[in-house]
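Everything below concerns the one structure shown next.
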Amino acid sequence: MNNRIDLSKYNIRSDLIIDEVDDEKLLKAKKSKKDDVIVSSIELKENELEGKKKGTYITIEFTDITNYEDREKVGEVFTKELKKMLKKIKIEDNDECLIIGLGNEKSTADALGPNVVDKVLITRHLFELNTNHKEGLRSVSAFSPDVMGNTGIETSDIILSLVKEIKPKFIVIIDSLASSSINRLNKTIQMTDSGIHPGSGIGNYRKEISSDLLGIPVIAIGVPTVVNSAIIVRDTIDYLIKHISYLKNNYSKSKLTYTKIDDYKSKISDSNLTEEEKKEILGMIGELSDSETYQLITEVLDSINYNLIVTNTEIDFLINKLSEVIANSLNNSLHRQISHY
Amino acid sequence: MNNRIDLSKYNIRSDLIIDEVDDEKLLKAKKSKKDDVIVSSIELKENELEGKKKGTYITIEFTDITNYEDREKVGEVFTKELKKMLKKIKIEDNDECLIIGLGNEKSTADALGPNVVDKVLITRHLFELNTNHKEGLRSVSAFSPDVMGNTGIETSDIILSLVKEIKPKFIVIIDSLASSSINRLNKTIQMTDSGIHPGSGIGNYRKEISSDLLGIPVIAIGVPTVVNSAIIVRDTIDYLIKHISYLKNNYSKSKLTYTKIDDYKSKISDSNLTEEEKKEILGMIGELSDSETYQLITEVLDSINYNLIVTNTEIDFLINKLSEVIANSLNNSLHRQISHY
Amino acid sequence: MNNRIDLSKYNIRSDLIIDEVDDEKLLKAKKSKKDDVIVSSIELKENELEGKKKGTYITIEFTDITNYEDREKVGEVFTKELKKMLKKIKIEDNDECLIIGLGNEKSTADALGPNVVDKVLITRHLFELNTNHKEGLRSVSAFSPDVMGNTGIETSDIILSLVKEIKPKFIVIIDSLASSSINRLNKTIQMTDSGIHPGSGIGNYRKEISSDLLGIPVIAIGVPTVVNSAIIVRDTIDYLIKHISYLKNNYSKSKLTYTKIDDYKSKISDSNLTEEEKKEILGMIGELSDSETYQLITEVLDSINYNLIVTNTEIDFLINKLSEVIANSLNNSLHRQISHY
Amino acid sequence: MNNRIDLSKYNIRSDLIIDEVDDEKLLKAKKSKKDDVIVSSIELKENELEGKKKGTYITIEFTDITNYEDREKVGEVFTKELKKMLKKIKIEDNDECLIIGLGNEKSTADALGPNVVDKVLITRHLFELNTNHKEGLRSVSAFSPDVMGNTGIETSDIILSLVKEIKPKFIVIIDSLASSSINRLNKTIQMTDSGIHPGSGIGNYRKEISSDLLGIPVIAIGVPTVVNSAIIVRDTIDYLIKHISYLKNNYSKSKLTYTKIDDYKSKISDSNLTEEEKKEILGMIGELSDSETYQLITEVLDSINYNLIVTNTEIDFLINKLSEVIANSLNNSLHRQISHY
């Protein structure tokens, strides 16, 4: 196969650093777990990972945000991490904050940012109007710049002009991301102080939105809410191999009832086939690396215009709950007066 | 009455100049009529009318925007007036335009601006991306800055920063206005090149948004979509007097069937009572001038917190249709290629 | 005046019994007060009040539903009253309930019912599907029949057909009401076991929706969310008279600072003018009774088509909060397992 | 492979008959083409195709509903087919119609039905109220029964009860469907007189909604708006094989630029590999039939809970345009007076 199709070994871009860390096994992430919520912390140095800027990357993984108990746990963990991040980048209690909700409010899967902006506590006008209702509160403003297709204006230009005008001390940006694996879709929150990069997110911003551009600290919070079809296919082929491998190793040929196995998901993940076995099961495709498989699938789907970007059909409900968790955690972290957790 | 309550003779502020012209009878408006659509044009000089800046004020009055035929007529007339205004303020075919939708998208009566922004044709990114789909089109961007209660940021600051950044040649601002009479509610479009003034609109902007501030021509388009209770009461008392006057002049004491009279509305408007008759009907209230009555009502309602700002219950439907007419007229006026009318 | 215009003394229809009780002073309402929340309970006998069916009428009055603390108090009081009502009409813990949200979801002021339906806990399908998640829960279904203008079908026909099909033990109906005074707008919840009557509500249902029609107990819950202009005018004239009366009785002619008076609202309510004084202030209008004034205003406004039905401009926010309180109280009252209060 | 995993050869259920016809090649569909819009007509006899009821199945395929010109063409073709269908099932000009919008208005991808209901012309109340505005109009009512998860009530029970009550002469049902191939997603309208079947659509209705149940003719209109991940994977593997086959047949080993080939999509569809070649490329997977591959993928994805049902991220916009086309075609077909096409 390889000698017929020249697969230029390009990296699959991921908005989530955790995927690349898992894949490349080059970096070490500090992991901690509280109930079912897993927190990974990565400190990336300059040029350590191609296409990623240096900075702190926090990843929070969970199973079901629609469940009330899980949501409370995620909120608690996320609030704690947000407070740590604010401390780390030296934000003082009274430093003014501008929250930016990226994305398109009219397109459900891309509406995470605007939904968070709708739900956070806005206080800056109280300080401007000099009212008394601000004890224990930070000055917070928020804004949704919409997407270029709706405004005709480059998103980063809107943000830059606003930062120049109102001069906040730091920025928090919320965005819907493109997932690089099916098992993270709507199940991960990433937070980083490295900004939003060109080509990131659903909106495919052309210009960087970072501390370098804006001259102040930027905390970027993202949730993968869409995935393209090529990733679904690549991941499924991967699971398919693991599944068959698991069956081969654990059962006689006649035994087929595998669905009731406890913890099946983690068990099959540990299964590994030899190169020979992979080739037997998947032929030439089995010989390709993950990124080669992905590129091939992408080429095929792109050629016929079927590399759809898709989202979960429950996305309306999911965005509502995800934005609730993020807004609550922001309110709890930004204002001393508020302490739900 | 007057000797007991000192009514400081303040002017009732109106967002609509046509009301003040009708009231004060100081200014002459050029009026024209096409079917049931009335166009008034006023050229206001510096300091000619207190609280109003010099400029051209176009008022388009209609009866029912929910009716398809009426809507088409209003669109036609408004497009013509928009084109004349652009010519008058010397906007060239290729001058870049920024459309600003003032107001709160989440509050129906205040959502006219954001709804127009959603419906206008956006082309600026085509010019930026240098695509070919722009023959006969002007570069148009659009933006809804939301309201200070939601963002914490003064609306005029957002607009000013954006104008500095993207440098359009002129601006079109759309806003919901406060009506100064019940008979204009959702039945009038005002367009002026004099900008939006402090305390105008529903959002009560604290700073002027005008050519003086922004350094480029500003066309402001507004529709009165809300009215306060004091105006409803004052207008009703006024109609009550006219109604009784009409009855007195036209009928014997026993005759009471007045509802079937053709053109009743315009007939009662011509009726006038003597001061003596007014006093007989309304006592001391009848002795007050319009603005004294209004102030008294305002004082009473404000004291008990009932001076509600209200809107028509069909507002969801009305905003949809009003924004459609305005967006269509903007599309038709701004781009040579589009010529629905 | 009276000898010139024959005012047939029709009753002003009110969806709220409390208004008629206050006006007519014929009936005794048992009143209780918890913080600022006032509960009135009226037991109406057959034919006791024209246009009102016999039954229990509970009215809960509050000042500001947008305030969190007030909302909690209203919820607590309403839940208690709902439980008492269920007990009174002999609803057992396991009796199946059907909740009906009347009104038009697309028209904000009329969307209270559909908004409550969106927020209540639905359990009937769990019983139908025989799942285990139903301990301590009642079987509850809910439905929004929309309005005749949207469906072409009489609302009561939809409800009747559904009741025949799924055979619930009792029904709870939620509806937006027309207010009969400006001081109740969005500030009152009425609950009754007497059903919804023809001409009630915003939608002006033509047929009764009651126990008599449906053959099962019906609890109707309503909030006045709209008011017509004639009521605003009548109420204002009434307050105007009280205001002037108060000024006359409490101040020397020169003293005019009345706005800072504590508890002004209740103080002016106690002020009464003699017939002679009323005539002096308001002329012939001052001689009319409340209902005569209302009819005259209605006639004038109807003649010129300006008797607008209006709503508060904050209605989007108010409906959200009102539906939250009602849905929470229903969840707390209908299911043993849920006990927020 | 087959001897290790016993793939019970179940049929993949498709809501779209056209897929099964294409697959099975058992049935003949009459096809016609107008511009890029393809119409297929299938007359299915009793028991001819397992899981499908007898009846007429019309399938309209198009490429891009977001394009104005395409939308006009689809509307024209669909209106013509609707009129033919009405004639075929002997619906007279004055026969009363009830339109049912299945699905969940709050979940974008499932909201096609409710969106069509919002856009069709409702006239039944004009006939009931005996007004004069009905010349050339049919009596049409419309209703969205919502989904069982929201109401607690079986959808077919709501419809059945309503049909009993208002007794229409025929029913038109609109629903979002599950797509059985990636190339039909939001690109096909299916219309049939055979009703909606258990397990169809997104909502997975448990009971049939058909002429047999309701006793009157039922026209069901559906658009596939969601697809599950297993189908995406199966289709991609299929295209992958065709793609490699095409490359092998058309290019020397060194040549790799295939993306610029005109009409690539239809060219690769004609490519076929021998069983031997398929095995070489895809190993044991290559030996499986389409439905075996699909079952295997489904089993793997189901085991790990990743068989997501997904939709296009542009779904908000697509549903708006699809419902517009369907509502317009219904209005044009149902009322003599309306003749846009």
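Letters are used for the chains, namely A, B, C and D, taken in the order the chains are written, and counting of residues starts over at 1 for each.
Keep this in mind: a residue touches a chain if its C-beta (ideal position, glycine included) is under 8 Å from a C-beta of that chain, and two chains touch if they have at least 3 such contacts.
Not measured: the values here are computed from a predicted model.
Along the shortest chain of touching chains, how many steps lie between chain B and chain D?
2
Taking A-B as the reference interface, identify its repeat among A-D, B-C or C-D, namely the pair sharing over half of the contact pairs by residue number.
C-D
Would you say C-D or A-D is joined by more C-beta pairs in contact?
A-D
Centroid of chain C to centroid of chain D, CA atoms only: how many Å?
That gives a centre separation of 46 Å.
Distance from the CA centroid of chain A to that of chain D, rounded to the nearest Å?
33
Two or more other chains in contact with one residue: find those residues in chain C.
In chain C, the residues touching two or more other chains are 106.
How do the chains pair up in terms of touching? List each pair.
A-B, A-D, B-C, C-D
Would you pull the chain A residues touching chain B in the complex into a rising list?
Listed in rising order, the residues of chain A that touch chain B are 106, 118, 122-125, 128, 139-144, 146, 148-154, 157-158, 160-162, 164-166.
Give every residue of chain D touching chain A within the complex, in rising order.
Checking each residue of chain D against chain A gives 1, 3-6, 106-110, 182-183, 185, 202, 226-227, 229-230, 232-233, 235-237, 239-240, 243, 247, 253, 256, 258-259, 264-265, 268, 279-286, 296-297, 299-306, 308-317.
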